[in-house]
Amino acid sequence: MARVRILVTGGTFDKEYDELTGRLFFRDTHLQEMLRRGRARLDLTVETVMMVDSLELDEGGRATIVARSREAAERAIVITHGTDTMCDTAAALARASLGDKTIVLTGAMVPYAFGSSDGLFNLGSALSFVQVLPPGVYIAMNGRHFLWNAVRKNRETGTFEAVQG
Amino acid sequence: MARVRILVTGGTFDKEYDELTGRLFFRDTHLQEMLRRGRARLDLTVETVMMVDSLELDEGGRATIVARSREAAERAIVITHGTDTMCDTAAALARASLGDKTIVLTGAMVPYAFGSSDGLFNLGSALSFVQVLPPGVYIAMNGRHFLWNAVRKNRETGTFEAVQG
Amino acid sequence: MARVRILVTGGTFDKEYDELTGRLFFRDTHLQEMLRRGRARLDLTVETVMMVDSLELDEGGRATIVARSREAAERAIVITHGTDTMCDTAAALARASLGDKTIVLTGAMVPYAFGSSDGLFNLGSALSFVQVLPPGVYIAMNGRHFLWNAVRKNRETGTFEAVQG
Amino acid sequence: MARVRILVTGGTFDKEYDELTGRLFFRDTHLQEMLRRGRARLDLTVETVMMVDSLELDEGGRATIVARSREAAERAIVITHGTDTMCDTAAALARASLGDKTIVLTGAMVPYAFGSSDGLFNLGSALSFVQVLPPGVYIAMNGRHFLWNAVRKNRETGTFEAVQG
């Protein structure tokens, strides 16, 4: 059974609605609930690294994600991440030369806690890609996988698309 | 962009609740709605082959699924299927020697139309595996992939597990 | 704050999907979860009398529901009940002459555990009617209230409609 | 069958998540979908008066709501409204002396479009109260009804509570 570490960093994935203020916020990650719903039977470890909106992620935060990825004993790592700066974190991971690890970043356009989220689809996708792709840093969104340097988020459509690497 | 054909055969995936009789039944497939929710951006064709409970699938039905897989122009095929006889259909496909196609069967333990379904997770998983696995016939369930002859459904736990191939 | 007793008897309201058998069954009532979701702030007591499909409810079961209604200290009682024989139980309660109690039966066409249930709407409706209607036995469905002897379930449409009392 | 007009004014009830900006916004009302889910069988007319956050509702907006209530041919009116200034609009309606109309304001703490909304419960409640309460202006929240001058929103708990009228 594949051994996979999931590093949680926040992002839309894990946002919730605060009914007293009418604003979105972070509480706990929904990863365990999502894995239960997906009936995932992998050798999984879920580690919450931070809970932030990826627009607020600075170089220090990015360095922490790189460090946790380096320290992980697993060779397969899925990182849940806000979509806005997912490509930047992927680039930071790639430049850190983490050896023979396969790292897949994924996220969501709609919070899992809301009805219509793509999060469960993306999580199923990322966990699958991480088991079979060769070492490297990838983004898994929209049912596709992209090498870290061959992808960008299209802000008009909210989808990820291939660019010349 | 990967070109994938999805063959719909029914199964728990697509069951609905008939509020007049209190029984489960099939109407239309939910695949298009699920792909929209997953924001899938693949070159996808969805084809409804049949809408049946897989316990009612006989050899004739199985031969139809094999024929449609053979006729498909795509080299990547995902088949949504009831979990009870998914392994039998996978075996029928493998014995048919469909050449260089990668075929991934998937299903759900809970109907997509109900709140707590694993269907979206499994669909994200199957669509991902089908893009990267070598030709062959596989089952994608529980976040894992299995070669057709190395898997069985454990009816006590409702999960798929590896067996000696 | 109004004091209301909710007697749970099962019905579609509380059915769940058994993913191992593919059949509907009863486990625990969802009433507490529904009241939390509705942010109900009433002086409520929830009592599970039985968990049955109302088609399987016999005279003994109906007598139990009458007895529990009689024994209840509250003057306002909501009974969750399968829709198929809801009118029969309402009639049994009316014939029992329970004095100055206001009793409102309600149910659902789709289980609460499934996404598209009318259960939460009906519960909000029944709890409201029970606070303001005069003593008597009523059915609250489809946003309406009916006196026990002036209503029937239309099995073709799945709705409740008025009849000459 | 009771004849009821529903005046839609926006509020949390009808907010949606904009996946491109990560912000909440208004599009169309969800009232028709909610009434379908509740299988409401009343003689209902739904009229969208405005779609605003009730914190942004000024006296002009409030006057419009009063005018529409006055012009309505129905004697039973439900108004969906943001909870923050619901009591202010109720007061404006009461001071306008709308004669023999029963007006019930309701809202939601969580948008209907998100999974865990209280909106369907509150709608079932408001539609029920409006059919049986005597003429006057009321707020229906938390399964309760309050006269317009005997209620306030407790901003710490997010619930409505009785005050000395």
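Going in written order, the chains are labelled A, B, C and D, and every chain counts its residues from 1.
By definition in this document, a residue touches a chain if its C-beta (ideal position, glycine included) is under 8 Å from a C-beta of that chain, and two chains touch if they have at least 3 such contacts.
Worth saying up front: this structure is predicted, and the values here are computed from it rather than measured.
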Required minimum of steps from chain B to chain D, each step between chains that touch: 2
Give the label of the chain whose average Cα location is farthest from that of chain B. D
CA centroids of chain A and chain D: separation to the nearest Å works out as 39
Centre-to-centre distance between chain B and chain A (centres being mean Cα positions), rounded to whole Å: 26
Going by residue number, chain C touches two or more other chains at 109, 115-116, 158
Using the definition of touching given at the top, classify the network of chains in this structure as line, ring, star, complete or other. ring
Go ahead and list every pair of chains that touch. A-B, A-D, B-C, C-D
Chain A-facing residues of chain D, complex: 12, 17, 19-20, 22, 24, 53, 109-111, 113-116, 155-156, 158
Touching chain A in the complex: which residues of chain B? 1-2, 34-35, 37-42, 109, 116-118, 120-129, 131-133, 140-145, 158-162
